[in-house]
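In C-alpha cells below, several structures.
Look at the two complexes coming up: subunit A is in both, with subunit B in one and subunit C in the other.
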Partner chain A sequence: MEKIPILKMGDFLLVTVQVDLYDRLALGLESDLVNMIRKYSSRGVLIDISAVNIVDSFMGRILGNIAQMSKILDAHTVVVGMQPAVAITLIELGLPMTGVHTALNVEKGMAMLRDKLFLTEETPNDSDNN
Partner chain B sequence: MKSLSAQLLPSKQVEILDIWIKLQLKNEGLRSDLMSNDALKRESEELLKTILEAIRNDDTTDIKGEAYDKVVEVLAGISLSRASNGFSPRETAYFVFSLKEALITVLEKNIAEPKELYPEIVKVNKLLDDFGLITFETFIKGREEVILRQTSEITEISTPVIQVWSGILALPIIGTLDSARTQVVMENLLLKIVETESTIAILDISGVPAVDSLVAQHLIKTVAATRLMGAECIISGIRPEIAQTIVHLGIDLSNINTKASLAHALRTAFSLLKLEVRKVGEYSKNTHA
Partner chain C sequence: MITINSETINIKTEQDAVFLRNRVSEYANKIKMGLVNQTKLLTAASELVRNMLRYAGGGKVLCEVISQSVLQTGIRLTFIDNGPGIPNIADAMKDGFSTGKSLGIGLPGAKRLVNEFQIKSQEGEGTSVTILKWKNG
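Entry: the complex of A and B
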C-alpha cells in the first residue's frame, strides 16, 4: 500500500506530501503520524503540502484532526506551502482551519516550530533571570 | 409594379441628402465638437445610398429582407461608433428621424395627389421607424460594451498589490467589494504572497465606500485565506462610520487584526517582524535599557 513518508528531524517530524491526498492515504497518514509522535515524543510536526493541488473537505478535516491530536500529545503542527488555489478552496468550503498553524514555506515553518518550542521551554528560565 | 416611392426616391438622392444635412445642421443637438460636418455628410451620404439602394431592390417594408441587410449593417456601425464617441441617445436618434422628415418632404413635393401620397408616407414612416429601433438597440449595445470594458478595466487596475517592505504587502482596495472583485483581490494577494514570500499583508479599506455584511464576509474570507497561506493579515483604514456599521450589523471582527490607518498597520507589521524604525543617531528604548 502506498504510504506517505514521515521523517524524523530531532524533535520534529517532517511530512512532505508529494501526491494528491486521497482519503485512505490521508487516514493512514493520520494514524502513522500519531504513532510516530508517541514513539519519538516529538514536539512539533511540519506538514508540507506545497505539491498538493486538489483538496476537499475531507482532507481539510484530516489536517484539522492531525493538529488536534498532536496538540493532545503536546506537539505543535504547522502546515506549510499551501497553494493559493487550495487556500481559496478551503475558505470557500467553509474550513478556515483555525486550530492549525500555517507558514509560507518549510524554512519559515521550521523557524515557527523552533520559536514555539523555545517559548514553551524557555519562558520559565526567562522569568527566573529577570 | 413598383410603388411610387421606390421609383421616385432613388432618383432624388442628391435632393434628399441636401434637405437631410440641412435639417441636421439646423438641429440644436448638433455635436460639432464630437464630429466634423464633413464626417457627418459622409456618414449621411453612405447611409442614404444604401437605404435608397435597398428601397429600389425590395419594395416591401420588411427590414428583415435580404436587401436591407446592408442598411442594417451600416446603421449599426454608425450607431455603435456614436455610442462609443459619447453621443447622447437623442442626438443619435435624431440622425435617423431627420431622414424621415427629409424623405417625406421630397415625397410631398413630387406627389401631388393626397390619395397616392398617403400610403407612400405610411410606408416611409414604417421603414424609418424600424431603422430608428435598430439604431437604438445597437446604441444601447454599444453603451453596454463601453460599460463592460470600463468595469473590467477598473477591476484590473484597482487591485494593485504593493510590497511596502520586504515581507510586508499592502493592498489598497478602492471601490465596492463584490464577490467577483473579492475573488480577484484574493487571488492577486495570495499569488503575490507566494511570489514575494511575505508574511504580512495589509488590507487597506479606506477606499471602500460602504461595508455591509456581505462585504465584511468577503473581507473575513480574504483574511482567512491569507492565514491558511501562512501569512498574517491586517485590515486598516476603517473609518469611524464603518466601525459603527460593523458593530450595528453585529459582524464579529474580533479575530481579525484591525487598525485605524495604514500607518498604524505598518507599525504593527514592523513590530511583528521585530523591526524598528528610528531616527538616525537616536538610541532605541530596547538598546537603551
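Entry: the complex of A and C
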C-alpha cells in the first residue's frame, strides 16, 4: 500500500507530501503521524504541502484533525508551503482551517516550531504567536 | 455552445478519482485555463467524486471541453450515479448539512467554485451533478 514517508528530526517529525493525496492516503498519514508522535515523544510536526495541487474538504479536515490530535499529545503542527491557488480555493470552498498553524515555507515553519517549543518550556502560560 | 471533446470516465475506486483529476487537469492545460480556475475546478470535482464513491459506490463522469465563442472555452463535468438519490436537494445544498460524518461543505462548496452548477436527483434512481468552469470565468 502506498504511504507518505515521515522523517524524524530531533524533536520534530517532517512530512513532505509529494504525491496526489487521496482519502485513504491522507487517513494513513493521520494514524502514522499520531503513532510516531507517541513513539518518539515528538514535540512538533511539520507538513510540507508545496507539491499538493488540491486540498478539498476531506483533506483539509484531515490536516485539522492531525493538528488537534497532535495537540492532545503535546505536539504542535505547522502546515507549510501551501500554493496560493490552493489557499484561494480553500477559502471559497468555505473550509475553516481553524487550529492549523501555517507558515510560508519549511524554514519559517521550523522556526515557528522551535519558537513554540521554547515558549512552552520557558513560560507556563501558553503563548501563541502566529 | 459546441462540444469540442468528450470522454467518459468510470469511477469505482479512489484511484479512479486521482485518474479523473489528472485527466481534467490535462484538458484544462490544453485550453490554457489559469492555475486558480484549474485548482477550483479540480477541487470541486474532487468533492463530487467523493460523494459519488461514498453515497453511491461509484458512477461515471462525462468530461467535455466546450466552446461558446472563439474566446470562451471551458470544461463541463457531469457526475452520474445510480445511488440512493438525495431526498431533499435544498437541504443537501446547505452549508454544514451532512447525512454522513463530513463537514457538509462538499456540495455547496463545489457550487461556489464553479461558474455553473446543476443538480438533479431521483430517490432510488440516482443523482446527476453538472458543473461548468469557463477558462476565464
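As a convention for this text, the second predicted complex is superposed on the first by the 123 of 130 C-alpha atoms of A that agree within 3 Å, B and C clash if a C-alpha of one lies under 4 Å from a C-alpha of the other, contacts with A are read in each partner's own complex, and residues count from 1 in each chain.
Basically, contacts are C-beta pairs under 8 Å (C-beta built on N, C-alpha and C of every residue); 3 or more make two chains touch, one makes a residue touch a chain.
Fair warning: this is a prediction, and the values are worked out from it, not measured in the lab.
In this superposed model built on subunit A, subunit B and subunit C occupy separate space and fit side by side.
Of the two partner chains placed around the shared chain by superposition, subunit B and subunit C are both touched by A:88. Within the superposed three-chain model, A:30 lies out of touch with both subunit B and subunit C [touch as defined at top]. In the superposition on chain A, contact is made by A:53 with subunit C only, not with subunit B.
Using CA centres, the angle subtended at subunit A by subunit B and subunit C is 50 degrees, rounded to a multiple of 10.
Legend: residue contacts after superposition of the two complexes on their common chain; A:61 is shown touching subunit C, with no touch to subunit B.
In the superposed model, A:11 lies in contact with neither subunit B nor subunit C. Think of it this way: put the two complexes on top of each other by chain A, and the tightest Cα contact between subunit B and subunit C is 8 Å.
On subunit A, the surface patch touched by subunit B in one complex and by subunit C in the other comprises residues 83-84, 86, 88, 92.
Residues of subunit B that touch subunit A in their complex: 183, 186-187, 190-191, 193-194, 197-199, 221, 224-231. Contact residues on subunit C toward subunit A in their complex (touch as defined above): 14-15, 17-18, 21-22, 25, 35-36, 38-40, 42-43, 46-47, 50, 95, 102-103, 105-106, 108-110, 112-113. Here subunit A touches subunit C in the complex through residues 20, 22-24, 53-58, 61, 83-86, 88-89, 92-95, going by the rule given at the top. For subunit A in complex with subunit B, the touching residues are 79-84, 86-88, 90-92, 96-97, 102-105, 108-109.
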